Each structure stands twice: as C-alpha cells, then as structure tokens.
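Could you have a look at this structure, given as structure tokens, before my questions?
Chains here go by letter, A, B, C and D, matching the order in which they are written, and residues are numbered from 1 within each.
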Amino acid sequence: MDRSRLLRRLQAVRAHSLALAQPLSAEDCALQSMPDASPVKWHLGHTSWFFETLVLSPHCAGYRAFDARFAYLFNSYYEALGPRHPRPQRGLLSRPALAEVLDYRRHVDAALQEFVEAGAEEAFNAAAALIELGLQHEQQHQELIVTDVKHLLSLNPLQPAYLAPEAAPAAAAAAEAPPLRWLDFEGGLAEIGHAGTGFAFDNEGPRHRVWLEPYRLANRPVSCGEFLDFIADGGYRRPELWLSDGWAWVQAGGVAAPAYWHPQDGLLFTLRGPRPLDRAEPACHLNLYEAAAYAQWAGARLPTEAEWEAAAQAQPAAAAPAGKSLAEHLHPRPAADGPGLLQLDDAVWQWTRSGYEPYPGFQPLAGAVGEYNGKFMVGQNVLRGGSCASPAGHVRPSYRNFFPAAARWQFTGVRLARDAP
Amino acid sequence: MDRSRLLRRLQAVRAHSLALAQPLSAEDCALQSMPDASPVKWHLGHTSWFFETLVLSPHCAGYRAFDARFAYLFNSYYEALGPRHPRPQRGLLSRPALAEVLDYRRHVDAALQEFVEAGAEEAFNAAAALIELGLQHEQQHQELIVTDVKHLLSLNPLQPAYLAPEAAPAAAAAAEAPPLRWLDFEGGLAEIGHAGTGFAFDNEGPRHRVWLEPYRLANRPVSCGEFLDFIADGGYRRPELWLSDGWAWVQAGGVAAPAYWHPQDGLLFTLRGPRPLDRAEPACHLNLYEAAAYAQWAGARLPTEAEWEAAAQAQPAAAAPAGKSLAEHLHPRPAADGPGLLQLDDAVWQWTRSGYEPYPGFQPLAGAVGEYNGKFMVGQNVLRGGSCASPAGHVRPSYRNFFPAAARWQFTGVRLARDAP
Amino acid sequence: MDRSRLLRRLQAVRAHSLALAQPLSAEDCALQSMPDASPVKWHLGHTSWFFETLVLSPHCAGYRAFDARFAYLFNSYYEALGPRHPRPQRGLLSRPALAEVLDYRRHVDAALQEFVEAGAEEAFNAAAALIELGLQHEQQHQELIVTDVKHLLSLNPLQPAYLAPEAAPAAAAAAEAPPLRWLDFEGGLAEIGHAGTGFAFDNEGPRHRVWLEPYRLANRPVSCGEFLDFIADGGYRRPELWLSDGWAWVQAGGVAAPAYWHPQDGLLFTLRGPRPLDRAEPACHLNLYEAAAYAQWAGARLPTEAEWEAAAQAQPAAAAPAGKSLAEHLHPRPAADGPGLLQLDDAVWQWTRSGYEPYPGFQPLAGAVGEYNGKFMVGQNVLRGGSCASPAGHVRPSYRNFFPAAARWQFTGVRLARDAP
Amino acid sequence: MDRSRLLRRLQAVRAHSLALAQPLSAEDCALQSMPDASPVKWHLGHTSWFFETLVLSPHCAGYRAFDARFAYLFNSYYEALGPRHPRPQRGLLSRPALAEVLDYRRHVDAALQEFVEAGAEEAFNAAAALIELGLQHEQQHQELIVTDVKHLLSLNPLQPAYLAPEAAPAAAAAAEAPPLRWLDFEGGLAEIGHAGTGFAFDNEGPRHRVWLEPYRLANRPVSCGEFLDFIADGGYRRPELWLSDGWAWVQAGGVAAPAYWHPQDGLLFTLRGPRPLDRAEPACHLNLYEAAAYAQWAGARLPTEAEWEAAAQAQPAAAAPAGKSLAEHLHPRPAADGPGLLQLDDAVWQWTRSGYEPYPGFQPLAGAVGEYNGKFMVGQNVLRGGSCASPAGHVRPSYRNFFPAAARWQFTGVRLARDAP
C-alpha cells in the first residue's frame, strides 16, 4: 500500500470525525440517549483506541499508550481484548473530559502519522491492512455519531438543531417524488459478495453463487408522501399488514408514525431542527416492521439481499462523489428522476428480508478483529445500500449493514420488490 | 380426499391428544410454567377451537358452537378471528374445567365425524383441506404438550415423572454414540421445498432452486458425551466460542449446561423423572447459541436449511414408522449405527444457521389461516428434522420448524456441518 | 388451657378451612393469580405445615412428618426454618395434588387431636400456646383464601362465581348508606395495645400510653355511593388530591376505579359473580392511595391507628357473633344504622395513616415464630378493624393488620377522621 | 423581615451553590447517574426556577421570565405548576448549556436583589416568606448536589476526585472512635415539633405532645470500625438480623458492605477520591435496612423520631457554626469525645424507625408550595440530625428529613437506641 496515499486518507478520515463533532459542545458530546447509542465523546475515544490497540501497540515499536485505563473505557465489544466498561454506562463518564479525549486523538494521530511515514517496512506491511480497517471502522462510527446525535437532540424538549436551517431553496421543490417504476431482473445464477482487490469487510465474502428467481425492484425508495398515504389508510391499525412481532411492537408502544415524525402537526425532527415534512423525500427512520408492513400494504415485499446486490452490480457506477461536506449529513434528499435504480446508497439504508448470516465459506479475520462481524450473525436483518449519513466513499454494492428489526434511529427506509409477474 | 380414510385419521389424531393427557391430573393440565408454554388444557381446547372456527362454523350447516365464549379463550394468535385471551394468562383459567374442555372436544369430534361421514359434497370438498390442516396443527400441539409438560414438571421441586421409569434394559447399552462420520455432498444447483401432492405447510413452498457449495454433514447429532467434553473444556466460559447474543445470554443467566441437565450430580431431568445422563444419547434441549458454540468448539458450523434438506432428500426413506406409542415420546434414544444420515427426524430437531424467511414466491394461505406461518418470518431460526416428541408420520424432509435463538424447552440438538475440505 | 375446649376449637377452625375450599375444584385450588397471592392448595398445606413444624415435630414424641419434602414446599417466609420454595412459583406445583394435601391435613389433624387429647402434660403445656398461634395463623390464611380466590376468579374472562348469587331480598334495600355522622373523642393520654389474658399477636403489645389530640371519627366506612361521587367529581384525575406515590400509581396504571369495579357498566365483580354496584354498601378494595385521596376530597383525613383503637375500646362490644357461615364471607353489607361506630370489624379493613412500626418495648416471640410479625415492620401501613372475610371471633380492637400502600385485593376501605373542630 | 439581612443571606446562599459547582466541568454538571439523582446543572436551574416561579413572577411587577420553556424543564414535582420534564430524563439535556443556566441564575439573582432592595412594601411583605423558603429549598439542593456528584463520580472507573486529597494530618488520628456511651432519658409527656419564630418547614409542625417511655441513646453514631466488626461477624449473611425487605434487598444485590465501601481492599470512595477506611469515622451511606440490621446485631434498636428530638432539645446548643467552607462538605469526621450527644447534626443523618407521617394537626402551606412535603408522607422513613454535607445553619432539632428505606446515596448513618433497662 502506498504510504503517502494512506497518510492522506488517514488525515482526511480522522479530520472528518472532528468536523462532525465541531458543532457540538462538550455537554452534547458527553450524553448517551439510550443503551443502543453512545456519546460522541465515546465514539471519538473508541476510534482512537482501535488504532492504539490493534495497530500502534502491537506494531509500532516504542509506542506508549496515552492512558492505560482507556483500554477498559473504550473497548466496545472485543472479548479477546479484555474487560470493558458496560455499554449502557457510557453516558456516565464525565471524565475523561472531551478536551482530554481530543488530546488522546492527537497523541494517536501523531504516532500513526509517524508510523505511516517512517515505520519500519516490515512493521508497516504487517499493519497497513489494519490501518485501513481502522479507517473503515472510523467511518462507520462517523455515521453513528450523526445518528446518535440526532437521537439525543430529538429527546430534548427544546428540540435543538445540530446545524442551522437551510436557506430556502430558490426554486420550488417538486411536490412528490419521481414516479415509482419497476425494474425487471431475470435472476438465474448470480454471483454476489465482494470481488476485486479493494477494501471490504470480512462479512462481504467470499464471493459466491446464488440462484435467483426473476424479480422486480422499485426504481427508488418509498417516499414520505407514499408513507403518509399508508398511515392515512390505517396502516398502523391493521394487524393483517404486520409481522407478528411488528404488530406486538406497534401495540406495546402505541406507535403511529416513523421515528422523528410528528404527523399531528406535519413536522419532522431533523438535524437542522423541526421542519415541515416533504412528501417528495424518502421515508426514513423506519424499522423492519414498518418497512415490511408498508410493502404488504403496497402489494409488494422486501427484497432479499442477494436480489439487491445482483441488481446493484448491474447499475452503472455513479461518479465517485467528491467528499461530502458536513452539511450533507443531515437528511435524505428527494430523488432526482432518471433511469435505473435511484438513490442506491446516498439516501436511506434499505431493509431486506434476509437474516444476517454468514456467506458460504465465510471466515472471520484472524485475531481480535475476528469479532468485528461474525459474532453478530444471528437475530438481525441485513440493510443494503447506504444513507445520507454514510461518509463519502465508504459503501459499495457488496456492503452488508445489519440492525435488529425494531431499530429505528438509523437512516433506514425501504425499496420495494416483487416477484416477476 | 377419501372420506373414510380421513375419518380414521381424524379419530387417530384426536385420540392421540387425549392419550398424551391421560397420565396427567386436572391440576397438571391447568398450569402454565412460562409465557412461552401453555397449559395442556389450553392445548386441548385450542385444537378443538381450530376445527370449530375454521371448519365447522363456516362449512358445516347447522353447527352450533359449544360455548360462544371459547372463541375468545382459545384463539391463539389469529388477528383475523377477533380478540383473544393474552397468552401469558392462559395459566389463570381454572374454568372451564378440564372435564368441560373434554366435553368440548367430544362435541367437536361428533360434529366433525358426522361432517366427514355425511356432510354435503360441496361443503366437504371445501373443508377437507382445512380438516387436514387442523390435524397437522393438532399434531404440532401434541409435540408442544409433551414439551410444555416436561417444562412444568421440571420446575417442581418434587421432580415428578410423567411416566414411570423404564425397566432396566436387558443388555448393557453402548457407552458412547456410534463414531461421528462426515458425509460429503457436492452441492451445485439443488431444489428444495415441498414437492408432490402430500400435505405440506405453506411455508414449505414453493419448491425452488438454490445453489449450494460443496459441504459435509455429520452422520448423527452431537451426543451428550461429546457435549460433556465441551463443558469440561470450558465451553460455557470461553467467549470466543459464542455468538455475541449467546455470550450475553450465558453471562446473564450464569448458564453452565443445557436445560434439564444437572452436571454437578450427573443427572438429567426427563419425562420419566431424573436419571443418570447417558453419554451415548443425543444432546438435547440446546438452544441455537449452545448449538453454535459447540460447533465452533468442534471446528465445524451449523448447516443451512438448504444443505440439510438437500442431503435429507438423498437419504433412502426409512420404513414408515408404525404409530409411536405414548411411551416413546420421552427422550431421544442413542443412535444405532448404520450408513447414511442417522436420526434425521426421530431424535432431536437440528438447529440451522438459516433465519426463518419466506421462500422465493411464497404465498400464505388465503383467509385467517394465512396467519399460520408467514407472520412469524423474522427473528427466528429454522430447525430441521423432527424429534422423539414429534408424532409419527408428522414430519418430512421439507418441514420447517422455527424457534427463537434462546429457546431451549423443545427437543433441540445439533448436527454439525463443514465446508467441503 | 383446657384441653377439650382447645380440641373443639381446633376442629372448628381446621374444618372451616376445608369448608372454604369446598366450592372449588382441584384446578381452582392450584392456580396463583399473582406473586402476592397463593393457591388455595398452598394455603391448605402451609397451615398444616405450621402445626407440623412448630408443634408436632418439636413437641409431640413419635410424630412422623407426612412427607419430608413438604418442609421446603410449604414454608412461607421463616428463614430460621430453612430454605423454601419461592413465593412467585407456588402456582407451578401441580404436585402434590389437592387430594394429597388433604391427606396431609388429615395426618396432621389426627396427630394434633391425639396430642391435645392425650399428649404428656409437660409437652402439652409447652405447646398449647403454639397451637393457639397456629389456629390464629390459620384464620389469617382463611381470609387470604377468600381474597386470593376472588382475585383469581376475577381475572377469568368467564367471570365465574365462587358461590351462587343470593336470592333476591324480600324487601327493598336502602338506596344509600345511613347518614355519615362524626363522633367526637377528646384525646389526651390513652392506652393502646393488647390488654388482658386472651390471645393476641406479638405486634399488639406491649400495652402502652400514647398522647392524642382531640379528634373525630366517622360513624361508618365510606360507602360506594360516596365513592362514586368522588369518581364523578374527577377524583382520579386531580393530582392535588393524591399522595405523590399514589398519583404515580394512578398514572402508570390508568386507574379509574377501585379494584373489581366496572363503573362503565355499573357492575361489581364479587364472589357471587358480577352484579350491580349498590350505593349503600361500603366502598371496598381501595388501596391506601385511594383511601387518602378520598379523604382529601372529603375534607378529612385517615385516622392514626392509635385514634382508631382508643375509639374502638370505648365502643360497647357487639354481641359475640355466632360463627359466620361460609356464605357470609363474600362482600361487605350495607351498614344498619345505629349509634356509635358502625361496622368496626365486620365490613372492611380501615386504612390508617400509621406506618407499621413496633410499639415501645416490642419484643418478638422467641424462636422461629419471632419472624411472624416483627420483620415486616417497615414500609407498610396499618389497617384496623376486620372485614366481612375475617373469620368469626378472630379480630379485636388491638388487632394490627398491615399491607403495602398499593395493595387492593384485600377487603379494604376507609373510615374518615378529622381533627376536632 | 429585614431587607438588608435577607439580601445578605440571599447572596450568600446563592453564591454557595455556585461554589459547590466550581470544581466541576460542564460535562460533570450535565450527567445523571440514576433516576433518583439529578445533574448539577439541573439543580442550579431548578433552584432558580423556584424563585422565578414562586416569587418573581407572582410578586415582582414587570419581571420577565428568562426563557418560557424553563418552566417545563425545571419544575421538579409541582403538579399545580403544570407539566414537567420527566425526572429520569434530566440527564438527556445537553441544552440549555451550563453557561446558559448560569446566565439564568444571574438573571434571577439580579431581579431578586432588586426586589429585595427596592420592591414595593406590600409585594415584598407578601413574598418575603417565600424568599426564605426558596433559600431553605436551595440549601436542601446544595446537599443533593454534593451527594449526587459523589454518586456520579463513584460510577466512573477512573474514580475521579471532586477535590484534591487532604494534606496528611500533622498528628496521628485516633485509631477508634470515642467510647460508645449510653445516655438515659426518662420519657414521659414531651413536646416535639418546631417552636418559636424561626424558619421551619411545614412538616415540622405543629408542635405537639407525645408520650415517651424511658429510653437510652448512644452518645455518637456507629463508627466504621464497629460496622466492620458487624461485617466480620457475618452481618450481611445472617437473615435473622434483617427486616424482611432488607434481607430481600441484600440477596437481590449480593450486598456485602455499605455504599462506597470496598472492604476487599479496605478503601472508601470519597469526594476526595479513594482512600483507606478509617475505623474512627462514622459509618456512612447505610440505608435503613443496614442501620436496623446493625442495631439488631448490637442488641439495640433505631430511635423513634420523637425520642431523637426530645433528646436533642435537651442538648446545649453548639456554638453556631461559622459558615462551612466548601472543603468541609466531604466526609463525616471522627467524633471528638465529650459529654452529651455528639455529632447530632454535622456528621451523618440518623435513621429512625418512624415512618414519615404528618404530625397531629398538620396543614400543608397554601398554594403550590403545599406540595413541598405533605404529598410524600407515605412509605418513607424519617432521618434526623444533619450531615457533613448539610449547609451551615440549615438544620435544627425539629428538622425532618426522609428517604426510602433502600436509599444509600445520602450521608446516612445510625445512632443506636435502647429501651431503658
């Protein structure tokens, strides 16, 4: 791997995390809104811990850990790396202060930079792939920073904004999303899973064959306008539309709209504060139950992950996006019409009906990073694509995201599928 | 469908439920040991309610419901059929008395018998498939009766037996299960799902193609002796062997052995009361987490449901078992050695790594029975095969059983799989 | 103590427990409706265990325990007497069967009878007080049998009756309770606590002085009609009437009426099944929060236990009631008008504002029975009087009953108090 | 009331709250360690809200609320003052920032100062008692700030200190507390409750007579050394020493020592960080269950609140303490020997066996402040005295503090009592 290219990438990714935290106060960064979310400060520390523990300590001669106690505080879930602070208590840590965590980042960054620039050849070669893994890992946490901040701010009665509202657009936006069109795929023997030499997580491989029956996919995700029609048609009150667990979830919580929607006043809580719901934008913050109920109502179904990936492979690649600016990490935009599959990876993650399972021949990475993906392969569903909150360049068609069926705080929506007619 | 054959089958299946309840008192039949289990009395009522509601009331002219209030009490989960008594409160129903529920059964049986024998042709033809569904449904509850009674009795400090202990065997049993052998399957394009004209549940179809990489399956389920070796090797104390949710489950409950095992005194609680554990018998009452951890420890993995079914199809059919006597519904027997896949469906259900999802082209049945399977297709794992507690003739290679990953009160074990070497 | 009198009393009390169970099936007797309640079968066993463990085993030479395992099953809360079956799991015991528990009772009764009739003088003298304690203890459980059965049956959608409805009364009942009158008490230095040589529980002594400011008590408990007026006046929706914990309890449960009331249809669930609410009968199944909120609404307060007892001492004793028949254990009757304090102990227990604390100089009994009362003296409130469900002759003015503030399944109501004007 | 004296007091009390927060960062001030505790920022806001809502808005013409939304955020439990942010979610408020809350304080302080100095006579007279109540209220929250910070920091694996450790004392401290001596009180008719014209909370009155049997009180609170002896004697493993609820609490939590004690390494977590336990210092952070179990073990009992107050009245008043410096709010000091009752109110609050109930003739204050005390009068126990964390001059012998029996995060200990021999 080219050292100077890796160095530039390292600097860019690490800087982006700081940029995400920049609009936030130390108080904002310390709080934890629920056990599933983490304080921003913890994300900033944990992503540094990852480099310190997996790259610097084992591979960089003479590296001294910033603070030995951080090994306990910032381990997320690696059993092989020792005991750790319980996840639901991450929000009880007023110390280390944010300033100290930023010092920690600088300490790690300086050591990483020196290592990438001037580390011994053998050590660098042994560690380069782990550095890349660390960067990909940090990008995943960048998306979590955005989603976790949104969740925290949404619970504040003051309904504070992460960023200031957008200036009003010059031209009127379309009232509705572009027409929903069905694209046909003939199925047959397909190959899915990561191919080529670029980075991929272990759970994306090995590439392997799957047999697909002919199917159709919608050209774009379901829009807010369409989802409002579902609500207006009694969608949340009709058990026949729901999976059994989903109906129990609706009943237990008295749920009547996706997360962050306030249909009674037509408002949507966003990272720019509350604003009127836009029928044209993709429906977002749906969980699997809502996605599946909507599909049932629409006479459709969720795609499988293999259907999604096989179709996405056939899609001409979008021009590689220039690095997203911070201001783009806020809400899925209405789709611009066009041919093919729209908004594959830049609006909302798309629920599949596929349980998150290992591919045939799956082997976790060796060592502690073997815990990265494999041990979560039960009881969750695969999400495909990417979202407005995904860092630029992070995702690809073989990317497998996964969450529990009831989770709603990610930028998750639904692209419909059908059997071929 | 032949009326007289259906009638004989109806009588046999309905009688078997009563035979299962026969060793139990009214008190035994009234209690509910946990929200997931139901009282035997409820099972006896619910299976009658199924016939009354889905066969007799809509199709049998002049049928009068035994008690209108039973529609509420004995509905399990059919939203289309109105409100229902909450599942966790089934154990609060001392009334109707067991005797009254047995009257209910007789009332339903008499009406069904008359309908099958002498119902108008059109009505009979419309209802015959539902009657068969009702019988298959009742057989599923027969297995639940056995597992739920076992769970209830196990919680009683008196450790009561459902049936008297077996007479000591004349000849000494083998100390260990037959040698574990790996059978190779070449994979490729296979067809799975129900074929032919016999009964199958909707979730077994449609038959469809899948692509399989070459794989191996163990000739028999893991034995208690093998599982004891896992325990002795620290299996329950080594996080690297476990799925993440599984390790959390072990930690939260201080789990150290499968359900009903008491390794400290070498005893196993069975339906014949406590007795010494037999190293040769299949390990039973494992949940998915334990099954997967054992497989990891053994350098293997769980099969997918497609691997399992493709292999089972290739297996020469066992001679159709003569109806199992009651006394056989008690515990999985040690395997008798032989060629091929042993104990496919008569010892323990076998966990697969496959999430319970719809097959391509899956369509639920029309009407209320459409809720039978489809709405549960999320968050559970598929079990394949059958168990010692499955009624004779009930299962087939395409059969898809499913339970949550943490469930242990079914007769569940593990057959190992590996990628082809 | 006179042996023959004790024997007659023993036979009468023990027979009354059986009479209470007589209208119930074995199924009715096996179920447990909530952790706070116990199955009737357990009450029948536990009261026998009390005699076996505290009287027969230590004092009756040659006594053989009926079943050694019952020591574990039927111990309620005596730490000094070894481990015990967890209270919330009493409803999981289908074995021993009711018939076996009745055998247990006969075994214990026979041994007790022989001991009382012919036990050695020294042993009898040592045990006589414990036998009396056992009888008083059994009478307490007789009231619990009634309240626990009522709770269980109330949860059954069939709304079954313990006894058949009463024949319609010949003459029309009064539409309202007798007028509420205030009786004045001048306070000063009073003595409360048990006096004399009759039986009393340890928590009723020692008799001691208390200083009371002048106060007033209502001549009768609050009636259902009065409580309906409170409800109609928004009683359950006005936080200013409630203790803080009480308001939280109302909010959390959406409470809008006392237990067993169905104000929407004017029905009351009783041990004779549902029937129209009678404005004249005492309001029953109130918890402390409801009692205190009602008092606040009525411009009054709850009495202290010392006020209650000092007033009750001044009351001319009612003619000792002849033994209540079973049929009287059902619901508090409307008060018959008259002078003085009406329905002191035969309608509803009366909540006091007094926390349940030891009296000055309180000493628990020696030995295991020292756990009878003392260890519960925190976090509960004292109830005074007695109820329609209290066995005849069981209570007295110094009697101290106690329950947590939120409990409603006892026959509990409220007698208002005020400071002297 | 003298305006200038009130003004000085206002300034001193308000300044003390800020002094308490001074060693803390904004992050420290934002976190909530448990539902029972509040963030320091919330305490600072709430105490200002109290003045704004109850003094300035109703009495100070022209006062403008700092931010109308704070009425919702900073209401604690006053139903009469409208809806409020749920207590368990106080730790989710990163906004308003600490700096903004400090602005809020300055805004309120300025308005209060002007009002006290120059408010119209009538308005001032109407509000003066509420200002004093607000100051007493703020002092109560000052103690909570200390206890809540201690709880929060204790949960941090870094075990951070609120203040730096003390310099080592010049002279060796005593190894043990002064000898425990029993002081005798003859009881009889006593008067308790607040007397005189100084400030008192409504729950301290009216003054009234009580009858006391002769009793004894220990001259000082139980020491850590004595409590260690209790632990060493199996105190936490002997059910006979515990109240029933207390034993359940011990069992459920595996409790083996008071809060903040780490007997395995002899360390105590304090506001100056962990340090060795000192046998001479008062045992602190006991709940009622631990206090009562210790008393039982020591052949003693808890005092009643009347016994405590009657004895305290007889005690010659200590010289009024000069204002405590911040550094004293940290941990109870070992008692200095001397005559009479030592450490009545400057070391640890002392549990009584008295349930928190209204005094005879109790009347809550009129208006919203009537919710201050009265609505909590059920299910808690009275604590008497005062603690090292109580602000100087805040307590008096009639002061009634109260907490649930299981609470341990206050500075609570035990002074033993006995019946007169």
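One rule holds in what follows: a residue touches a chain if its C-beta (ideal position, glycine included) is under 8 Å from a C-beta of that chain, and two chains touch if they have at least 3 such contacts.
If you're wondering where the values come from, they're calculated on a predicted model, not measured in any experiment.
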Quick check for the class: compute each chain's Cα centroid; which one is farthest from the centroid of chain D? B
Distance from chain D to chain B - Cα centre to Cα centre, in angstrom: 59
Euclidean distance of C-alpha centroids - chain A vs chain D, Å: 47
Between chain A and chain B, the Cα-mean centres are separated in Å by 38
Among all the chains shown, which pairs meet the touch rule set out at the top? A-B, A-D, B-C, C-D
Residue ranges of chain B touching chain A (in the complex, touch as defined): 77, 79-80, 189, 208-213, 239-240, 242-247, 288-289, 292, 301, 304, 353-358, 360-361, 371, 375-379, 381, 405, 419
Which stretch or stretches of chain B touch chain C in the complex? 25-31, 33, 69, 72-73, 85, 89, 91-98, 152-153, 155-158, 160
